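Sharing a structure below in structure tokens format, with a few things to ask.
Chain nomenclature is as follows: A, B and C, assigned in order of appearance, with residue numbering initiated at 1 for each chain independently.
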């Protein structure tokens, strides 16, 4: 198995599906000749032509809405929104239309589209290009939300997302685009609603998303030397959420840390914590700790940006807080 | 190509159906059978009927909160509409959508959208899709003067123009965005001038003359179908009632009585009636008969709706997601 | 204003306490802020179900299959009505009992909890019989004499805190006061070989190795695994061995040799509110050291009130071979070592 980047993995999934199904087409800003600002769609316009790889005007509401209309009438669009932050320009289309049409029309029509957007704080992109409020989409019934952390998961989940008849918000992490990992050349899928235990352990469970998975893995190796075994659960999709795997892990370890790059207040980490507290209270041997970004807008200056986003230090801190309960 | 007598007759009947249906549901809404608020189309019938007379069954339309007229003109069945308005399980949307979200995909009604303007980008997408699939389908997006100011309108028209999609944008300018008169919500008078901003033809016509509507929209629909791109048509019209059934006194809070009366004199149904009477296609007896038949049809729809069951409590979870394949 | 709950316990501990019939108010919490953790309940099971720990459970007659099924389904045997010979509980009786909700929940306790031990007679378990016999033998064979002293613990506590992090990094174990105690005792025994003696009739045998044992409390009774040649080992090694032996004592994985090799015993009740206590010698050993809790004591320092940490050591010796002066000297020497731990580390 060769190692390719997260961006290349998604590219492969898009290529495969566009070849197989003429109904799959792409829309987004600068995805054509430029190949997408993170190079996810590189080379696709040469292969499939400008009719299927459409460089849109800067009008998120317009082209997300167009994707909804196209999806309702037999096509399977995959739309790229350059940054998660810019989904705000299309919120009506995403929340009121894309998510609701299947339900409010009594199941008459499906909206099989994929909306791709990257989150994550990186490289001083500042307040309006670095946010991680994907929790908003997890909150909306009717949407599915994928959150791959590795190239393997990215390709597999994208393959599943394109085939799924439901609208999928595919949340990528901008810092992970260049990260490499083993990815099979052949076609495969990663199912929605199935978490993966990226590292087994018996003392503490960390449920982590995106880059927090990698940061937790690094820190887990450090603590392993002290005889503390951390189990890392990667949900891979936030809606549907694999509650079973998470609960089973907490039942075994009795201790939970949830790490997501969004803010803790009303975020993904808080929801998972509440769910576990509700459904596995008698197994908890320690308070549940949540790790997330600070409750501030994303600052520009490098030292501030560093403390804003959660990293290995935050994970270490949480594990140390949990040690007296071991 | 001028309209045949047959066609005129049909258009008359459809307009009367719309008028009677709307009057009935205003009544039912007041009586409590139809919950929520409805937005009557009364007074604007010629636009829906004139445009949809040019459409094939497989052509798409997107509609609005004031959409019953469009939907009936496109061919929706009264009883399923009525049941949906009542919130019954047998309605078009299984009671999940209500007045503002009526749709029937089988006859190309992509749905009424409750957010002003949001039907436009969706309609553009459907047009793009039919272009890509090379089916020759046309999409008509209905919307009002209020919507012509939304970002969705501008983004949608721009996209449609750049990609030359087979769409026709029909703006029903009834001179008010809820309570705000047109002169207060936009600097222009004829909305069709905005078409130049998108390099597409823009037409303004009398929305209360069903023949004029028919002819102007026919041209635009043919343009779209032959791949020449989208058109923006503005029809000047007027709604007789308030914005919705909660807006008292026919909207007199913000509209002068003389204005309302002036427009009521230009009633599209009356005008066609006169024309047909002149052509000896209608007389008092025939008119009465038509009204009776339509009343009967509507009564049947009401009975159907009244007798239909409400959705079961567990139905609330149905259709949140498409069940196929993904475990919830 | 919301009142603080009187007893703080993590949810898993509460559940464990409930299922084992432990009264939370009797449990001392070892978690942050004194919160009760599941391991504290484990400890409480030993100390608060003392009767149940030492008596035979076979008063309830049941087939092996019935016992296994009862354990699997969490059914309390005494809630099952036995339909076998002489009221023996059979498998189908357990099945029937498992259908009734009141039968479920209690792990471990096979007897009725709390009030129902009163007024009843039970046979001792095999292990308890042995322990009882040896205790009695020891008490009557060796005349015990007891000595006490107080030890200033400030230096030791400070030293421990200072090296804790690095120690853990290097030796992968958290150093405890007991480790210092073991080391101190071993070094002191080297000074006073008679404490490594065993009486054999009219002869005494001085064991060549100083193997210091640490008493570990288990549900069934006390067990004393020993650290071999403790005088020759560094603190790091002592801590590692101590941690390993205690763990294996608790999981029942000790080798007999590891218990039998002990030549001297150290027993601690420092985690309880015990000032000092006397202990019975562990035959055939001649000495046993006890330590109670460390508490803050007020004293006058140049006319000002100051506090110092103080713990009490107890020493029981076999009076046949160790006299008062010798015992006193031993204790004094040990005290000196513990109060000046850095000097102790000089003589490894």
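Here is the rule we use: a contact is a pair of C-beta atoms (placed from the backbone, for glycine too) under 8 Å apart; a residue touches a chain by one contact, two chains touch by 3 or more.
The structure presented is a predicted model; accordingly, all values stated were derived computationally and were not measured.
A.B. asks: Identify the chains in contact with chain A as well as chain C, in label order.
C.D. replies: none
A.B. asks: Averaging each chain's C-alpha atoms to get its centre, pick out the one most distant from chain B.
C.D. replies: C
A.B. asks: From the Cα centroids, identify the chain that ends up most central relative to all protein Cα atoms.
C.D. replies: Answer for the innermost chain: A.
A.B. asks: So what's the Cα centroid distance for chain A and chain C, whole Å?
C.D. replies: 51
A.B. asks: Approximately how many whole Å separate the CA-defined centres of chain A and chain B?
C.D. replies: Using C-alpha averages as centres, the distance is 40 Å.
A.B. asks: Calculate how many whole Å lie between the centre of chain B and the centre of chain C, each centre taken as the average of the chain's C-alpha atoms.
C.D. replies: A distance of 84 Å separates the two centres.
A.B. asks: Could you list, by residue number, the parts of chain B that touch chain A in their complex?
C.D. replies: Residues in contact with chain A: 60, 62, 91-97, 101, 103-106, 110-111, 113-115, 118, 120-130, 132-133, 137, 139, 151-152, 154-156, 158-159, 162-163, 318-322, 324-328.
A.B. asks: Can you list the chain C residues touching chain A in their complex?
C.D. replies: Residues 10-15, 31-32, 37-38, 168-169, 172 of chain C touch chain A in their complex.
A.B. asks: Quick one: in the complex, what on chain A touches chain B?
C.D. replies: Residues 23, 25, 51-52, 54, 56-57, 59-75, 77, 92-93, 96-97, 101-110, 141-142, 144, 163-166, 192-193, 240 of chain A touch chain B in their complex.
A.B. asks: Hey, which residues of chain A end up touching chain C in the complex?
C.D. replies: Result: residues 225-227, 254, 281-287, 324-325 of chain A touch chain C.
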